[in-house]
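Think of it as A, B and C in the order they're written, each chain with its own count starting at 1.
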Amino acid sequence: MAEARPHRRADRPATLAIDRLRIEIAMQRGVARVVDDVTLEVWPGEVVGVIGESGSGKTMTALSVLGLMPRPARIAAGDIHLQGQVITRLPDAERRKLRGDRVAFIPQDALRALNPVLRVDRQVGEPLNIHRGTPWEKAKQRAVELLGAVHLPHPAERAREYPHQFSGGMQQRAMIAMGLALEPELLIADEPTTALDVTVQAQVLKLLREIRDTHGTAILFITHDLGVIAELCDWVYVMYAGAVLEQGPVERLFGQPAHPYTQMLLRATPTVRTVQAELLSIPGQIPQPFDLPAGCRFADRCPQRFDRCAREPPHIQVESEHTARCWLLEGEPVRLPHESGIDAMRPSTRSG
Amino acid sequence: MSGNLLQFRSVTKEFESGLLPWTRRRMRAVDDVSLDLRAGETLGIVGESGSGKSTLLRMALRLLRPTSGQVLFDGRDVGALQGNDLKQVRRRMQAVFQDPTSSFNPRQSVRQILLAPLEVHGVGTRDSRLRQVGDTLDLVGLNATFIDRYPHQLSGGQRQRVAIARAIILRPSLVVADEPTSALDVSVQAQILNLFKQTKRELGLTYLFVSHNLGVIRYISDRVAVMRLGRIVEIGAAHDIFTNPQHEYTQALLAAVPDADVTRRAAE
Amino acid sequence: MSAALTPATASVRHHGVNWRRWRLLAIGGTLVGIVIVCALFAEVIAPYSPYDLDVAVMLQGPSAMHWLGTDEIGRDVLSRAILAARISVQVALVAVGVGLVGGTIIGIVAAYFGGWIDLALMRLMELLFSFPAILLAVILLASLGTSILNAMLAIGIIFIPGFSRLARVATNDVLRQHYVDAARTVGMGDGRILLREILPNVVTPLLVEAAVAFAYAVLLESALSFLGLGAQPPEPSWGNMLNTGRGFMAQAPWLGIVPGMAMFLCVLGFNLLGDGLRDAFDPHLRE
């Protein structure tokens, strides 16, 4: 059933459209291309997952949307569009107006992001005060409502406490509440559940789904955890060493991954519901951003590499809008013998 | 070798905070835990934060003493050992820690890091020690060029390999691992887990493996103990725990793990 | 984990701050270098002997013969200022040495063993710390007797609490790292752990502080000899030169200005050197 992207709309622009973005950092060892020609979209009501390991450029991409990249990093090429408006080279004053208002950011480490000497209601209400000029009393009241909306127990009492009195999960909810204060069009979450216990993580993911359902917010979710992506996201981008190697609907990416990296990543992830006789490990290491290979950047770790891989492959269509950057997809559509996806794993007869 | 290598007998660990009597607070990190680790098995301990799993591990290593109860290594009470006896036991019980960044003295090269255990226990001569270092690096898949590098020059995966090398260089009987792959990328984690398995086979080791990652625990363990708030709520063969959990906490834990089986979800 | 951020930004900050760091080290190093050269080679550099008096030329302003003038008994001010550098450097060296070694041992021991040892040692340090430096020095010298050596010891004792606090914090940071646990697990004894694992990782901030302490030592020594408790006449010290100069501010201002400027430049040099060293050792800036 070859369908186009379900959340794509003909009548509106994408909430977020990143077009051939390239971010470089000038270092002593050379120019590091940390984000290389990345194109990415998030549509209203869609949860887009960006999966990548360290050095994939996923965080830098997110920060570039907010204008919060570290200073030496520059956008060397490409554009970022928010609801059709170009925001790539917006001056910082304009950017600041976007942050918290139209684009909210949920960082990984909530405790670090919260000011330890201010009460929670003050912080959660801060966006209202800054962007809408709401007086503090009203802002703090609204903060209590928001904390309730994110299912924080006893929000009225809790709001008067300080961040360190909250547990990790509660802190993350407070961050989400702060992010929602102005009903942003786009929510960017950078590994928000990585530091949380799995039961707490489940609650936070449920909350994000609720937000998407109630407000129609577009969510960009960055993580290295495949399980979370499978659970939460509609559309997935797989990033590696600064580039998008594969993108597509979540069912296809897990059911029929096209790129060898995606396939290997799936088989390298230990699962809970099935037993793997052996975890496939990917030999070698992720290339450094200033030392990228000339051809396909995954080639030297790929068991299926062949002579064409000396040239970097473009995005090749697998089916409808599912694309991957791999030469194996061109020419005869040979279905290579592989065990694809987690659901195809055979339960082993012996325990792990 | 058969029998129990490590035993926890009604071990409890309490922590006190606060100086003045009326501000003092007592927290029970491990609450009456009894556990047997059989020689040759991998026992996985899984739990969320605050479960006490790391504290249990530190007591196994004699980095902490239990408030009550005993920790027995090969039948001997670890808590009662002193001096040379303790040192002898330590030689047979080694550890791999989480967080590759703080596991090593930043000022020491790989050579110094790996020679240290041999020097402390007076193993062999200077030459034989260097050879032992080389052999061990080989076992963990690092070639000789790594010997002069410093920790900050190594990737996360390489550092964990060195950590494993340090743990096995004395050819211990027991290796205790505290979240050894939690800070690693997925692709590297798989390499290191496989290395753990391989090393266990080659050296006939026994593992006590602590992690909060259920998938990792399932992959590596023979038996699994589930901890919550300082107690073991369920323990059994890995296969049983994961396919047929009895305790409601275990069931909740497994239910909370994100479901990566997308086709099943789509069918709902 | 936003690991994509870390390796890139760490090296990048290094790139950005490079210039400022070297400038500090260069200027600081030069000034300190001059002072040390004066201290070492005073006899060779000084145009005159600092002790030769010539009443005929007393209280003369800067001239071709005496670049910085002469003092109240006809001694060449420049020569005395140069030799005074030696006193200051000697005292600073010994004092900082005493403070550094004493403070480091106390701080590391307190942090490593914890418990009542930590409590007792730190309370003792706080007691010492709570005395105003000069007062403490005066008390110590009054009991021990005034001499350069005793001044060195007194200043050294004044420094111990500061260094001990630094060493203690640095040791606690190290203890939080897993490699100390790893060392224990391997079977290492306390002695070896203290020497091989803890000390090398604690030394860096202490050295930086030592550079700055030098400056303070010079000032303290000058203060003490100003009060007549340090170097005794006819030994020249910037402090006692200042004291003498005080009486002649009207008719021979250079007597006060010269030692004052010398101290200023010396202290500035050590401070800049300390700042430069701190930046140089900052792990965030390291390659």
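Here is the rule we use: contacts are C-beta pairs under 8 Å (C-beta built on N, C-alpha and C of every residue); 3 or more make two chains touch, one makes a residue touch a chain.
Quantities reported herein were computed from a predicted structural model and do not represent experimental measurements.
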{"item": "Contact pairs, highest-scoring chain pair", "value": "A-B"}
{"item": "Greatest separation from chain B - chain, by CA centre", "value": "C"}
{"item": "Chain A and chain C: spacing of chain centres that average the CA atoms, whole Å", "value": "52"}
{"item": "Separation of mean Cα positions, chain C and chain B [Å, integer]", "value": "47"}
{"item": "Distance from chain B to chain A - Cα centre to Cα centre, in angstrom", "value": "32"}
{"item": "For chain A, residues contacting two or more additional chains", "value": "54, 224"}
{"item": "Multi-chain contact sites of chain C, meaning residues that touch two or more partners", "value": "1"}
{"item": "Touching two or more other chains - residue numbers and ranges from chain B", "value": "none"}
{"item": "Residue numbers on chain B that touch chain A, as the complex places them", "value": "48-49, 155-157, 185-191, 193-194, 212-216, 218-222, 237-240, 242, 252-266"}
{"item": "Residues of chain B that touch chain C when the two form their complex", "value": "58, 61, 63, 86-87, 90-91, 93-95, 97-99, 102-107, 116-117, 120-121, 166, 170, 183"}
{"item": "Contact set on chain A toward chain B in their complex", "value": "53-54, 168, 197-202, 205, 224-228, 230-232, 250-251, 254-255, 264-265, 268-273, 275-276, 278-283, 285-286, 341-343, 350-352"}
{"item": "Contacting residues of chain C [partner chain B, same complex]", "value": "1, 176-179, 181-189, 192, 196-197, 200-201"}
